[in-house]
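Two complexes, one shared chain (subunit A), two partners (subunit B, subunit C).
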Partner chain A sequence: MPYLLIAPTILLELLVHFLPMVAGVVMSFYSLTLFTLHHWSTAPLAGLANFRLAIDFNGPLGSALLHSFEITVPYTILVVAISWGIGMVAALGLTAEFRGRSWLRSVLLVPYAMPIYVAVIVWSFMLQRTTGVVNTFLVGDLHLLRNPPFWLLGNDAFWSMVAAAVWRWFPFALLILLASLQNISNELYEAAAVDGAGAWRRFRAITLPSIRGANLVLVLALFLWNFNDFNTPYMLFGDAPPSSADLISLHIYSVSFESWNFGLGSAMSVLLMIFLIIVSMIYLRVLRRGGEFNV
Partner chain B sequence: MSPMFESRAARWFRRVTLALIALFALFPVFIILESTVKPLVDVQNTFQWIPSHVTFSPYAQIWQTIPLLHYFTDSVIVSVSSTAIAVVFATFAGYAISRFEFHGRRVFSLAVLSTQMFPGILFLLPLYLIYINIGQATGINLYGTFLGLIITYLTFALPFAVWMLAGYFSSIPRDIEEAALVDGTSHWGSLFRVVLPVARPGIVAVAVFAFMTAWGEVLFASVLTTSSTRTLGIGLQEYATQGNTDWNQLMAAAVVVSLPVVVGFLALQRYLVRGLTAGSVRG
Partner chain C sequence: MASRPRKRTLGRAVVLAAVTSLVAAAAACGGPSSSGISSSGPIKGQTITYWASVEGTGVQQTTQTLTAQFAKFTKQTGVHVNIQVIPWASLLQKILTAVTSGKGPDVMEIGNTWAPSLAASGGFASFTPSTMSRIGGSAKFSKAALSVSGAPGQAPMSVPVYSEAYGLFYNKADFKAAGISGPPRTWTQFQADARKLTTGGRHGVAIEGGSTSEAAHWAFLLGEQNGSPLYSGGKWNFATTAEAKAIAPYVNLVASGVADKSDAEHDTNVGETEFATNKAAMIVWQNPMSALAQLGMKPSSYGIAPIPEATPGASGSRAIETFPAGINLAIPSASKHQAAALALVKYMTSTPAQVAINKTYGTFPPVLSAQASPQFRSAGQKTLINLYNHHSAPLPRVPSESTMETDLGGAITHLIGQAATGGPVSVPAIKSALTSAQDQLNAASGSGS
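After this line comes the complex of A and B, so read on.
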């Protein structure tokens, strides 16, 4: 009976996740290019050639991959940290009872309810050089800058991505944090208040430890999603982003489909996955100590 | 923090911070809505806060400018089908995890969750080749068809759905169910007549997430669809990055495609929070 119940899920996950993952790892050891793709079963074995090409940081492909990685790391850290921060502040603010609270909660969740591509497209519109509201506000209304910047070209493109991604992800952090904050009993806070603990003390000593489990998973999920983020740069720039916005998923995508070199693309993906697994394991191992947590 | 120890200063600090965050959240929404009632000249020149005149024609024109109805229909077919199937399969699997002890139960739950960690880009290329090969070998076309996309999105929604429903079912006391079992109802019977009605909030939450996943997906759609199966994300992306975009029309399209999910999400958010809490309580 239980096996019958889980069979459909197992079959589908095998087909769409595990089989392709194994195939991806296998492909990374083969020379799969435009010429061999149609007769993939006879493609020549490449050994570690694809990996060597990917991490040869003096060669053009390797240095481009390294550059993309160096963009993706700060991008992910910024988006996760800012989204979490805004989400936490909003969640704490919403735990108090006040008129219009549930209305406000709905308002704050709207960016997350929208499809990702709509969220990114509206930022693209707002950041247009002449027709966008951001430059009108900064240059025309506030006179903070003399020349309107090109937000979607050059180095500023990075910050445009961060803004769009934070806007879309902070409501998710809010949703999860709000759900877990509701489980903290008021008695703990009352006891702390009697002891004379200030707001910051209460936050550190009661709030954070109480939501530790949910928080741990939330930060990890945000990290993994944003490190693998394809949508933000793709919706803003298509498959030719400015170099400051060349996030790693889009980079691998472009390398694979521009040159049809699937072997190299797979090798890069495998390296990405190994990196993510190592980071996740270190994260869980370090933070798991001293606290019970459930996945 | 709880309100009873809140000083006046803290209360004002909270109000101002929440107002600023709300402004940040709503400002782009305001820009979308405002742009849809602007004539084309207004969005082609320097941005103006006030429309030169109010028009609703972008809402009419966008259906001609791009095949929006076609994209919309494709997205509805794919999202509704994958959501419906995901809910059924996740209910079965979640029920199995929460109610049965069986070999491989832990491995199964962990394996399902671990799929969330894979970079999409890693299995995109092989999946594309696998779908093409399945088509050549069996004649069942998964590349460029709705079926392929439905199956793909289904598996994106399943891990989270299974995890959440397993948690939800575990929070339902077994007593009710055992009473039914004693009365001679089968496991299937008790699942459908006893457990499911109680678990409705969890199931609704799972359905909303599954629908949003499919409705908003771009990466796999960009590779697995052809012009006859284009979904909304790709259709709008093509129009947004092509160069001479009529932004008032694109924003009208944004409203049209966001409305179903935003309304659905906000209407059901209570269920979502409850479903999430139940899911995370479980071990």
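After this line comes the complex of A and C, so read on.
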């Protein structure tokens, strides 16, 4: 009977999530290219050839994939760390009672509520060299720089991408952390204060342990979403991002849709999925050892 | 202990999902194969779907222009047409999805450089001689236009509907003020003129430095003119010093100061705006007349000339000035209304529709009878049509052409970015980037074709 009750959910889950994943894995073992696209069900079996191409780091495709991976790792770490940091500071600030708090809370959540395409397109306009508001402000108004820099080319493109992603994700961190902080009893802080604990000590000894569960899920979710981020680089740079902004999802998209090699693109996606599953499992296992967190 | 049954259940679910996906796969395949177009039964009362690319000045003009034409078509044939205008950025993806799923429009507009790639996919009906005769015969089209309608040696998978050619567009007043008597005939003159024209906040030339397709087109034209074609001997062959030398002037236009450094990040039609607002005195462009008019630039204020040559008075492939650019119409083999779709293709390639639509879009007709219309006899249009018909060569007609545009074009846009941020890029550095792009292209496409 319990299985009957959850059957619709399981069926939908299979259809929406599981089936496409299985189809992707199956595709990765086939030579699904331009030539076999129309009659894709009869595409020839490629065995592990697509995987060998993807992990041949001395070959042109494997080395490009590795480069993309090497860009994606620091991007993810930076976005997660900075988003969490800003979200935490903002959440702590919004925990206190002050006039205009609910208004400020709503304003801070706007970037997350805004459709991501709109948000990133606005960033791309802001970062244009000649007409963008960033250079107008830095060069024209503040005279901090003599020549307007390129924010969408070269190595600066990486930092532009990080800035846009942090702007997008810190409100989500704020939302989760704020909800968790509101569950902490004030009495704990008052008792600690009586015992002479300072603000930093109270933060480490009371705040962080109290929100540990929500915090760890938040970090995992931010990590997975940002490692897979496609929208930010695609909307900022189009289908040919600068080398410094070649995130792995966009890279796989290019291999699939621009080279019309869906078997190879699927193999790369499977490798990415395996990597993320391994990282997530290690993360959860390490946390379980902490003893206070159950997933 | 408790985990064992759960694992078994999961395993069964995997098998179930896999089996279900394979069953779905088997059910989805089996559409009609690539062949000529079927012709049976009355078409009156049918409703077909048409995917249009964004042409002219944008979505609104495209929709208005085609809606007006389709109303006439419906009056003539009784066939109703649903139009969907698809942005360029997603058009190819949508086409691929339609090819794979067998669900899509009955007629679609495609970039003609995609024709060899799409022909290889096998998802489109062929315009066999008998099919072609039903729309007026292949002789009604310009030979140059038909040369980019499918795979070489096979029946076309599409027919041309709007044509464009590269030309040099120059501001007459700027040239006069700089004491330049006429458009440059060589790239050396072009550079010298661009330097003279770069003054008072205006640049000599504007480029779309961030556009991969634009970069690939420049590489093709400069390669041909310098005797270094991108594709030769049955394989991609652009990782050469000759090709690097050929495209170096284009890569370094922003570094030399004759083009605005900001052009390195432009991948839309900013160059037309720069030209129309006199921030640049020249552009090398495909049929921008309609956009320039919308931007308020009078046709009398600019001249249209062939793009410069690498060698003065060159002949053969070294005298190539453009490739036959434009849009074709294709009918997916999965269409259930092929006869009605073909009737629409016939209508769209009829002389009155060709004149009306191409005039509005600022393109010119690939249909010869429409090309002869007085609407396309201005000096500028005559120049472009002449280049298209007599001084053009198609981009390599191989399935990996579209991948080349991404890989080679991407490499060149990155080089232009380097030139804008770090100064001139050397020929060895360009060759190195071209080598990397060619290796990726060959590896991704599985061969040199």
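Everything that follows uses one rule, which is that the second predicted complex is superposed on the first by the 284 of 295 C-alpha atoms of A that agree within 3 Å, B and C clash if a C-alpha of one lies under 4 Å from a C-alpha of the other, contacts with A are read in each partner's own complex, and residues count from 1 in each chain.
One rule holds for everything that comes next: contacts are C-beta pairs under 8 Å (C-beta built on N, C-alpha and C of every residue); 3 or more make two chains touch, one makes a residue touch a chain.
Model, not experiment: these values are computed from the prediction.
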Partner chain in contact with A:82 - subunit B first, subunit C second, else both or neither: neither
Partner chain(s) touched by A:165 [first = subunit B, second = subunit C, both, neither]: neither
Touched partner set for A:54, first subunit B, second subunit C, both or neither: neither
Partner chain in contact with A:203 - subunit B first, subunit C second, else both or neither: first
Touching partner for A:261 - first (subunit B), second (subunit C), both, neither: second
Which superposed partner A:238 touches (first subunit B, second subunit C, both, neither): both
Touched partner set for A:33, first subunit B, second subunit C, both or neither: second
Residues of subunit A touched, compared between subunit B and subunit C (which is higher): B
First (subunit B), second (subunit C), both or neither touched by A:272: first
Touching partner for A:23 - first (subunit B), second (subunit C), both, neither: both
Set intersection of subunit A contacts, subunit C complex versus subunit B complex: 10, 18-19, 23, 37, 40, 128, 130, 238, 257
Residues of subunit B that touch subunit A when the two form their complex: 1-6, 10, 14, 17-18, 21-22, 24-26, 28-29, 31-32, 35, 43-49, 89-90, 92-93, 95-97, 99-100, 102, 105, 108, 111-113, 115-127, 129-130, 133, 151-152, 154-155, 158-159, 162, 187, 212, 215-216, 218-219, 222-223, 232-233, 236-237, 240-241, 247, 250-251, 254, 257-258, 261-262, 265-266, 269, 272-273, 276-277, 280-283
Residues of subunit A touching subunit C in the complex: 10, 14, 18-19, 22-23, 26, 31, 33-35, 37-42, 53, 59-61, 64, 128-130, 150, 152-154, 238-240, 242-243, 254-255, 257-261, 264
Contact set on subunit A toward subunit B in their complex: 1-3, 5-6, 8-10, 12-13, 15-21, 23-24, 27, 37, 40, 86, 89-90, 92-98, 104-119, 121-126, 128, 130-133, 135-136, 140, 167, 170-171, 175-176, 178-180, 182-183, 186, 189-190, 193, 199, 202-203, 207, 213-214, 217, 221, 224, 227-228, 230-231, 234-238, 249, 252-253, 256-257, 262, 265-266, 269-270, 272-273, 276-277, 280, 294-295
Footprint of subunit A on subunit C - complex, ascending: 13-14, 16-18, 20-22, 24-26, 28-29, 31, 33-34, 89, 92-93, 96, 99-100, 117, 120-123, 210, 212, 260-262, 264-265, 267, 333, 399, 402-403, 406-407, 409-410, 413-414, 417-418, 420-422, 436, 439-446
